[in-house]
Amino acid sequence: MILETKKLVKEFGKLLATNNVSFSVNQGDIHAIIGPNGAGKSTFFNLITGYHLPDSGKVFFKGKEITKLPSYRRCRLGITRSFQITSIYPKLTVYESILMALLSRQRVTLNLFSSAEKYFREEVWSILEDVGLADQAHVNGDSISHGDKKRLELAVTLGTKPELLLLDEPTCGMSPEETESIMAMIKNLVDKKGLTILFTEHDMGVVFGIARRISVLHQGSMIADGTPEEVRASEEVQKVYLGGAA
Amino acid sequence: MSFDVLFNQFLSGIARGALLFLVASGLSLTFGVLRVLNFAHGSLYMLGAFLSYSIWKWLLIPVYGFYVATLLSALVIAGIGLLIEYTILRRLYARGWPEQLLATYALILIITDIVKWFWGGEFLSIPRPEPFTKAVFLFGFPFPSYNFFIIILGLVLVFFLWWLVYKTRLGDIIRAAAHDRDMVSALGIPIPWLFTSIFVLGAFIAGLSGAVTAPYGAIALGMDIEIIVECFAVVVIGGMGSLPGTLLGSFIVGQVYSFGIMYKPELALAFIFMVMAIVLVIRPWGIFGRPER
Amino acid sequence: MEANNTTDKNISWLKSGWWLILLVAAGIAAPYVISEFYLLILGEALIMSLFALSFNLLFGHMGQLPFGQAAFYGLGGYGIAMLMTKFQINFWLSFLAGIGLAALAGLIIGIFCVRLRGIYFSILTLAFGQLIFVIIYKWHDFTGGDDGIQGVFPPEFLKTPIAYYYFVLLVFCIAAFILWRITNSPFGYILKAMRENSERTEFLGIPIARYQLTAFVISAAFAGLAGALWAPFYRSVAPSTLMWIKSGEPVMATILGGAGLFFGPVLGTFIITFFHAYILGFTHFWAIIMGTLILIVIFFLPGGILGFIKEKIDNRKKTDQ
């Protein structure tokens, strides 16, 4: 068990965005969180990454409580996230963006007097190869295609050498072909680097194609949790997705 | 310390707060809608003061000339505001805020020299107008009745702005724009028109407040810098772009200044900035400000 | 393509390296070429350039616009001036103490300011800068208030204008080199990352506030260094060195020269300083000309002068290829 939440609660005013959610993610899994719009997926993600702090409940990472840690500390422990709305460095090159991640992960960033360009050449190139962006290494982040931005985003998160990677809608706005290639890439990374992945996704084809475990959120509560077959069979999930829910 | 002394000081603080509100409300309104912090707001205020002096002198109406001069100079400043918005700011909305800030900073330099050119460097003043020429005695202390005029004007402006922002259709747009600019565009309201009118209104208020300061203190070069820095303290304490925040900030700064002067005159201004620092430790975006992520 | 790009980079670095050597040589030769009046202006330009570079560490490299840098500049000047005249401490110790004072003030003020972004950061630094100005301006018994402090003399061997000029040149070159190294270090890269996308950078494991505070203190220390150079140069300090109008000078110089390039602020400062000295021979209405100049640069040269030149060169390269 790499990640565990216990009775997490988060309210925004009167809106109960996360309602008593307890769940866990197993080491090496590809775990999806699904749910209709407004189910509280993003909030739940934000509670895990430390963007928001929960009103009550606890979060554990590898058995250690991290409920109140700031985002950057969680990142140093090995939890990294990507963003639904692609969040890259527009005026840095692809190469530099990945270098940033490596620099911060290796804790050399308080070094004030050596040249940054000397660091991590091989590591950057190896990540560039992994995500297939090597030919665009010296292009600015804002001048590559949307699909490549998503790859870059993933590459930057990989640069922090995460153990648990949280992906918020990794295929959002991509063509079917791009979606397929990026999911294949993710699968490959899990096998090759032993990562654990927790992701949200609205495309059910993607979810059932890749996830080994699925949790379903509805109005802030977790209504189902299990293998894809179990979730598919759950009556409650069908009610929610077929619009029959009260 | 006796009650009457304190009350007198409190009342001076209210008058000062009212004057600060006159100036700061225009600054805050402009910032709330345009998201442009107009450094030159104080310069428009100064220009308003000098202009009202010249108009007053030219009118030669001894008793009520002041009121006419005030209104006229506020209108002229509004016209200058229109010119500034139309020729300079409008071209910069698409650019970064640092350029907008620097452009209004450049306006400070330009307006300062224009004032120096036309009026020279001397101190000028306008006598207090009827019926506010005499002091009234409160608990045996003389209190300039002109201060009541400022307080009343401040209250009028509070109610006017409250009515404008919360009771009119323009107010709905102003609040929407302060909240989310794209939404206003989506509603089909032409942003340039909205921005121009708000900036002109802000300039009008600046000119008006400059003109009414003339009989309150002296008219001099440097009055722009003095007031704008205090106004920054006001909006930072109250929360930038918030009308209630500006009101509360003006009240706090006015009081701190007034009692600070009584306690240690040379540090009155320092007290203001200390209060500001304390507020910001507790609420980094000011009392009524909203965090921006 | 990749190889091409890196060699390109090497060539441009070499080129700029040669330019630098030429410029430094010109700086060394200057006292034998120009009149004493212009030598003083040159010294002033170097000091103000250092001030502008300290500002641009935060603005151009980190993406935050401080509008209270004059407070640190002034504290550097007041630090050295007060220690030397009131406490009879020797020049070098006072010089270092001036820098230390500015850095300390930067630490205290920075703790409050780095929590804010954008215009809120600017306005808060401005307000804190004014706080320091007001304290020094009004504390007449201790700081001399309006009169400032006179009689700040450099040590005997630096007393001639030429000797002090060389001292300024040396300090400027060392300080600029250190700042240049900082901007190209891993730390400098993280500043750049915060400028581009601070949220993303936080999720790379960077405590944003702490890095911004570090940069803020470094910037304050270099502003203080400029101030500590200035006071003995001018033999006195006045409260106007702390005022927010003074804080506007590095902003203008940087935007004029180009914030995106390391030497942009230096170019901007040189233009403003020499232009100022020249134009004061004709008219007192210097501010209106300066204001108009700023507006022209904002409208017609969005990247500043160096930014404009670089763009032209880049475009030419593209068409050549």
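Each chain gets a letter, A, B and C, in the order it is written, and its residues are counted from 1.
By our rule, contacts are C-beta pairs under 8 Å (C-beta built on N, C-alpha and C of every residue); 3 or more make two chains touch, one makes a residue touch a chain.
Quantities reported herein were computed from a predicted structural model and do not represent experimental measurements.
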Touch-connected sets, chain C omitted, are A | B
By Cα-centroid distance to the whole-protein Cα centroid, the innermost chain is C
At the largest C-alpha centroid distance from chain A we find chain B
Chain centres from averaged Cα atoms put chain A and chain C apart, in whole Å, by 42
The distance between the C-alpha centres of chain A and chain B, rounded to whole Å, is 48
CA centroids of chain B and chain C: separation to the nearest Å works out as 32
Among all residues of chain C, those touching at least two other chains are 199
Within chain A, the set of residues that touch 2 or more other chains is none
Listed in rising order, the residues of chain B that touch chain C in the complex are 35, 37, 88, 91-92, 95, 97-99, 101-103, 105-110, 112-114, 116-117, 225, 229, 232-233, 235-236, 240, 266-267, 269-270, 273-274, 276-277, 280-281, 284-285, 292-293
Per the touch rule, the chain C residues reaching chain B in their complex are 59, 65, 112, 115-120, 122-124, 126-128, 130-131, 134-135, 138-140, 199, 243-245, 248, 251-252, 255, 284-288, 290-292, 294-295, 298-299, 302
Chain C partner, complex, touching residues on chain A are 49, 70-73, 75-76, 80-81, 83, 87-92, 96, 99-101, 103-105, 108-117, 119, 135, 137-138, 156-157, 159-160
In the complex, the residues of chain C that touch chain A are 1-2, 5, 178, 181-182, 184-190, 192-193, 196-197, 199-208, 211, 214
